[in-house]
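Okay, so chain A shows up in both of these, paired with chain B first and chain C after.
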Partner chain A sequence: MGDIFGHLWEGAVYALSAWNILAIIIGYIIGIIAGAIPGVMAVTAMVLILPYTFTLEPLFAIALLMGVYKGGAYAGSITATLFNIPGTPEAAATALDSYPMFKEGMQKRSLEIALWASLFGGTVSNLLLVFTAPPLAEVALRLGPPEIAALILFSLTAVITLLGDSRMDIWKGFISITMGLMLATVGLDNMSASRRYVFGIEDLDNGVPFVLTIIALLALSEVFIQAERVGSFTLGDAAGAVKKIIPYTWQQRWADFKLCLKDLLRSSFVGSLLGALPGIGATTAAFVCYGEARRSAKKNARFGHGDPRGIAAPEAGNNAVAASSLIPLVTLGIPGSVAAAVMYGAFMIQGMIPGPMLMMEHPEIIYGLFVLLIVTDFLGAFVVALPFISVVQKIFKNLNYSLFFPGVVVCCVVGVYAEEFNVFNLRIFLMLGFVGYIMRKMGMSIPPFILAFILGPILERNTRTALLLSGDSPMIFVQSPIALGLLILAVGALVWSLWRKTRGTKSALEVPEEFKH
Partner chain B sequence: MKKLLAVITCCLALALVAAPALAKDYPTKPITAYIPLSAGGTTDVFVRTIAPYMEKYLGKPLILVNKPGSGGAVAISTLAKAKPDGYTFSWANLPTLVTIPQMRKLTYNPKDLVYIGSPMHYDYILYVKKGSPYKSLKELIAFARKNPGKVTYGTPGLGTTNHLGVAWLANHEKVKMTPIPFKGNPKSVAAVLGGHVVACNTSTTASVSSFKGGKLTPLAIMSANRIPLTPDTKTLKELGYNFSQFSCLGAVFPKGTPEAMRAKIEGAIKFALSQPDVQKKAKEELYVSIDFLGGKKYRELCDQYWGIWGGILKEVGLKKY
Partner chain C sequence: MNARSELSIAGVLIAFSLLNYFYLIPTQVVAEGSSPVYPALINTMLLCFSLAYLGEGIRAWRKERREHNEARPAGAHKDMFRPLAMLVVTGAWVLSMEHLGFIISTFGFLIIASRIFGSKSWTKTLGLSVAMPLIISFIFRGLNALLPEGPAEELINWILG
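After this line comes the complex of A and B, so read on.
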C-alpha cells in the first residue's frame, strides 16, 4: 500500500506541471462542449484530436485526452436537463428525472446534483483504479462469455423499471425492446460474418451505427416533438415557464446529499465494476444504476417526476465507468471501451504500449496518469463545469427556441457525419428520427429500445461464444456458479418487478410524462 | 470552318501536351489517403509515421482519413468510386483485397484496382497461457489429436488470416481444433489470459504487453520470419510445415489511375521506409516488419494468396464467391 503512495507521489511530481494542468483544462472545455452538444460525442472529439497528438509531449497529449473524456462524461447531462435532449447516450437515463425537476423550476438543483454526482462517481472510480486495479482486472478476466452473457441478461431486466404500469404500457415497452433487439441484428453478424437484414445495401454491412441510432431516437425525435409545439407557444411563454428559477440553498444541498448517499455509493461501485468489464459501457451502467435506484426506493419516491436520486444514480454510475474502463488497459494492455481504445492509440503514438510492462518499467507514467485523472475531476468540476453551467443558464434564459432547435439538428447531422464520414448514415439518421417521433407519438418509451439495442449484440455474441466453447451444450451457463447466480438474479428481478407492477393500480413506477407525449 | 478545325486541332494538341505535363507535375494539390481502420491502431500509427516523409517526397500534403468498418471494405468501396486522377488512394490490408471478396459480395472488384506497393507485413504468434500443460506446438497438436475439438483458439474474427492460419495447421495435421472469434486481437488475448480458450493466434502488437509481463508462452511464429520480440520461437517453416501466414499493408489506387502517378506514390513509400527513425519506430514500438514490395510484386503476392487463402476458406466453409 505504501508502495502505491510512493508511486503516486512520483507520478504527481512527474505529471503535475503547469502545462499538463493547462492541457486538462483545455481538454475539459473541449469535452464539455462536445458532450453538451447533442450529436457530438466526447469520443468523437477524442478521435478527431488524436492524430494531432502525434507532435505533442506524451503527458500533455494524454492529459488533454483525459480532460476531453471526463468533460464529455459529465456534460451530456446539461442538455438532458435543459431540453430533454441528452448530449451523450449515457445521459439518457439522467433525463428521466432531471428534465421533470427542471420543469418545476429547479434547474440549478438538477444541474448541480448531476455535477456533484459525476464528481462523486468519478472520484470513487479513480480511487478504485489506483488501489484495486490488479485484483479488479483479475476478476474481469475471470468472467468469460457465459458469465458476461448472464450479467447482460441481468442488466436487461433493469428495463422493466422503465416501463409503465398499465398492461398496455408494459406491452408497448416489450415491443420497444423487441424493436431495439431487431435493429441491433442488422448488418454483418459479428460471429460468422453472414449478412442480416441488409437488403443488399453494402453500407448496412457495418450495422446501424450505435451513436447515430441513439442521437436519432433521443435528440432528433425530441426536436420533432418540440417543433410541433413551437407553433403553439410564443417566446414569452417558453421563457415564462422556466424563468422562475428556484434557488438551491445549502440546507437543500445537504438534504439531497443525505438522501442520495446510498445510491451514490452503490452506483459508483456498480459503475466501476461494469466499466472494468470490456465492452459494456457507460450507457448501460447509467441505466442499470437508475434501475437499481428505482427498484430499491420506497413506493412514495418521485422517480420520473424529478427525484434527486434519479439524477444522482445514473450520473455517478456513468462517470464511474470513465476511470474503471482504463483498468484492463493499464493492467493488461487491453482496451475495454472505445475511449480506452483511443487512449491506447494515444500511448502508442507516443511510442508506449500500455499494460503490465509499462506499469513495471515506467510506473511514473501510469501513476502520473492516475494523478491526472484524480485532478481532472476536481479541476473540471470547479474550474470549468461550475462557471459553464451558470453561463448556460444565462444563455438559456434568453434562448430563442426557433433558432435553437434547428441548431440542434445541424449539430446532430455534423456529429453523425463526423463519426464515419459517410453520407449514407445521414439517411438512416433521418429515418430513425422519424421512427423515434412515431414511437413517442404512440406512447412507446424510448429508453428500453436503446438499452436493448446496446445490450442485444453483447448478449448475442457472448451467448454464441459460450455455446461454441461448450460445443453447443447449454449446461455451460449453469456450471459456472457466477453465471448461475446471475441468471437466478435475472429471473428473480424480472418476476419481482412484474409482480410489483401488477399489484395495486397506483404505484411509483410510472413512465415519465415526457415519454408519453 | 477551317478556323474552327484549326481551333479544335490546337485544343487537341494542347490536351495531348497537357496530359503528360499533368502527370509530370503530379502532385499539384493535396492527396487524400483513406486508412481502413480506426485511429490509434497499429496500422493507423504506422501510416501516420511514414506520412510526413511521403509528404516531403511528394511536396504536397497527404490528407489521412480514417474510414473503418467491414474489414476495410468501407474504405475500398469508397475508393473504387473515386476519380482515378491520382488524388485519392487507400491503404488496405491484405484480407480486404484477398479473403473478404471471396467471403461476401462487394461492390468493388479488388482485381480492378491499381496496386501501388506495400511497405510492411504483419507478424503473427500462436500463444498459450503461461503455465499451460502445452510447452510446444507438437504437444498442443498431440492433445488435439486425442481430444477432437477440445483445443479452442481465439481469433480476431471468423475468416481472418489468424483464423485461417490455424485452420490450415489443423487441416494439415488432420486434427480438429475449434476457432472462437473475438472482437479484435486484444479480446482474443484476454480470453487466453482468463483461461476461456486454450490458445490464440494474434498479431504481435496486441500481445507485447502480456508477453513481456510473463503471462503468455509462444508456441510458434505463424508468419514467415522469426521476430525480435520472441527471438527463440521457431517459425512454422522451421517446425517443418511448408506454410506461413501472410498479411501485409499496401496502398491501392482506383481502376484506371495512370502509371506515372502510381510510380510516384510508390517512390514516396520507398523513400519514407528508408528513414532510420521510421525503421526504429516500426521495430521497437509498433512490432511490424518493414518489407517494401513494389506494385508488381505486391500484386503478384495478392494473386498468389488469393489461391492459398481461398483454398482454406473453402475447406472451412467460408468461401462463397
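After this line comes the complex of A and C, so read on.
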C-alpha cells in the first residue's frame, strides 16, 4: 500500500505540469462538445485526434485523449437533458428523468446533478483503478504464452456474448472477430518475416495501419450512416418546451446530495465492476444502475418524472466505467473497450506498450496516468463543465450538421494522410470505411472487429510461441490450469449466452432496444 | 434485415472462406514462404461461424415463411443513395488530391459533400469550403509537413516567396 502512495507521488511529480493540465482542459472541451452532439461519440473525437499525437509529448498526448474520454463520458447527458436526445447511448438512461426535470424549469438542477454524479462515479472508479491495478499487474507478469493466448480468446468471447441480442447476433459477432483477426494477418508474418495477403503491394508489407483502420471503421462509417439520416435531428423543437427557469439553491443541492448518496455509492461500484469486464460498456452499466436505483426506491419516488436519483445513478454508473475499463489495458495490455483501444494506440504511437511490463519498468508513466485521470475529473467538472452548462443550449441549437459531417471527413482524411504522408493509405481508408458501413448495415458489430484487429498480432504471437514451446502440441493450452480455466470460461460464456437466447431469458444487463449500438 | 438477406450474407462469407482455403492461402501465404497454420485456423473459425450463421438464417427464413411476413424494408435502396454518393465524392476527392492539390480538391469536396448532407445556405457552405482547407494547409505548413500540392499551393508559395 505504501508503495502505491509512493508511486502516486512520483507519478504526480512526473505528470502534473502546466502543459499537461492545459492538455486535459483542451481535451475535456473537445470531449464535451463531441459527446454532446447526437451521433458523434467521444471515441470518434479521440480517434480523430489520435494521428495528430505523433508529434506531441507522450503525457501531453495521453492527457489530451484522457480529457476527451472523460469529457465525452459526461457530455451525453447535456443534450439528453436539454433536448431529450442523448448525445451518447449511455445518456439515454439519464434522459428518462433529466428531461422531465428540465421541462419543469429545473435545467440547472438537472445538469448539475448529472455533473456531480459523473464526478463522484469517476473518482470512485479512479481510486479502484489505482488500488487494484498493481496487484493485478504482478499476477499478469507470471502469465506465459498459453495463458495470454487463452486470456485474449476469453476477452474476445466475453465481448460477443455480452453484446449479442439474439443467437444471430452472437454468430455475427464471432464473424466480426474472425474478420478482425484476418485483417491483422495482412503484412509481414511476425515470426518469419515473410509476406502474407499483400498481393504484391509493398505498401502493405507493414500491415494495415492501426490508426487508419480505427478511424475508417468508427468515424468514416459513422459519417456514411449519418448521411442516411439527414434531417432527422431537430434539436430546436425540443428545447422550446420549457416555460421558466427555476434557480438551484445550496439547500436544494445539499438535500439532493443526501437523497442520492446511497445510489451514487452503489452505482459507482457497480459501474466500476462492469467497466472492468471486457465489452460490457457504459450503456449497459447506466441502465443497470438506473434499474437498481428505481428498484430500491420507495413507492412515492418520482422516477420517470424528474427524480434526482434517476439522473445520479446512471451518470455515476456510466462515468465509473470510463476509468475501470482501463484496468485490463494497464494490467494485462488488453484493451477491453474501443476507448481503451484508442488509448492503446496512443501508447503505441509514443513507442510504449501498455501492460504489466510498462507498469513495473516505468511506474511513473502509469501512475502519472492515474494522477491525470483523477485530476481530469475535477478539472473538467470545475473549469470546463460548470461554465459550459450556461452556454450549452445556445451552441447545440445552432449546430449545422450539413457542414459538420463533411468537415469530419476532411479531418479524418487529413489525419490518415498525416500518419505516413502516403496517398495509398487513403485508398485503404476509404475502402475500410465503406466496409465498416456495410458491416453496420448488416448488423455486425464494429467494436469486436477493432478489438480483434488490435489483439490479433498478440494472440498469434502467443499461440505460435506456445506451440513452438510444446513441439506443436495443442495440449499446452490444457496443461496450464490458468489457460484451461480461461478456455473453459470462454466456452462456458458462449454456451450460456446461446442457451439464454434460446430460452428467451432476460438478463439483468438488458438495455432497451432503441439504445443499443 | 430479412432472412433472405441474412442467407445471402452467410453464402458470401462461406464462399470467401472457401476461396481463402483453396486460393488465397496457397498463393498469398504458402507461396511467400509463410506458415499457413494460423491463417488456416482463423479461416476455419470463419467457416464454422458462417455455417452457424447460415443455420440461424435458415431457421429465421422458415419462420418467416410460416408466418407469411417476409418483410422487405421499405426504401432500403433510397437510404443508401446518400452514403454511396458520399463514398463516390470522397473517392474522387482522394484521387484528385494528387493532381489538383489539397486546397482545390478539398474546396470542391466540401461544397459537394455539404450539399449531399442537405446544406441550404450557399454562404455558409462557401465559407467552410474556403476556410477549412486554407486553415489546415497553413497549420501543416507551420509544422513543416506538406499536404499534396497543386496550382493553389504553388500560388501561395509564389506569394509567400
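Quick note on the criterion: the second predicted complex is superposed on the first by the 283 of 517 C-alpha atoms of A that agree within 3 Å, B and C clash if a C-alpha of one lies under 4 Å from a C-alpha of the other, contacts with A are read in each partner's own complex, and residues count from 1 in each chain.
Everything below uses one rule, namely that contacts are C-beta pairs under 8 Å (C-beta built on N, C-alpha and C of every residue); 3 or more make two chains touch, one makes a residue touch a chain.
Computed from a prediction, not measured in an experiment: that's the story for all the values here.
Applying the stated contact rule after C-alpha superposition, one finds that A:246 touches neither chain B nor chain C. When both complexes are overlaid on chain A, the residue A:421 reaches chain B and chain C alike. In the superposition on chain A, contact is made by A:195 with both chain B and chain C.
In the superposition on chain A, contact of A:175 is made with chain C only, not with chain B.
Once the two complexes are overlaid on the shared chain, A:391 sits clear of chain B and of chain C alike.
Within the superposed three-chain model, A:206 lies in touch with chain B and out of touch with chain C [touch as defined at top]. By the touch criterion stated above, A:342 is placed in contact with chain B alone, chain C being left untouched. Using the contact criterion defined above for the overlaid structures, shared-chain residue A:261 touches neither chain B nor chain C, since it reaches no partner. Shared contact residues of chain A, touching chain B in one structure and chain C in the other: 191-192, 195, 421.
Residues 38-42, 44-45, 48, 64-70, 73-74, 77, 103-104, 106-107, 149, 152, 157-159, 178, 180-183, 186-187, 189-191, 193-197, 205-206, 208-210, 212-213, 215, 281, 284-286, 318 of chain B are the ones touching chain A in the complex. Of all residues in chain A, only 55, 167-168, 171-172, 174-175, 178-179, 181-182, 185, 189, 191-192, 194-199, 220, 223-228, 230-231, 400-403, 405-407, 409-410, 413-414, 417-418, 421, 423, 426-427, 430, 433-434, 437, 441-443, 460, 463-464, 467 touch chain C in the complex they form.
On chain A, the positions that touch chain B within their shared complex are 47, 50-51, 54, 141-145, 188, 190-193, 195, 202, 205-206, 278-279, 328, 332-335, 341-342, 344-346, 348-349, 351-358, 360, 420-422, 461, 465, 468-469, 471.
Contact residues on chain C toward chain A in their complex (touch as defined above): 1, 5-6, 9, 13, 24, 28-29, 32-35, 37-39, 42-43, 45-46, 49-50, 52-53, 56-57, 60, 79-80, 82-83, 85-87, 90-91, 93-94, 97-98, 106, 109-110, 113-114, 116-120, 124-125, 128, 132-133, 136, 140, 143, 145-148.
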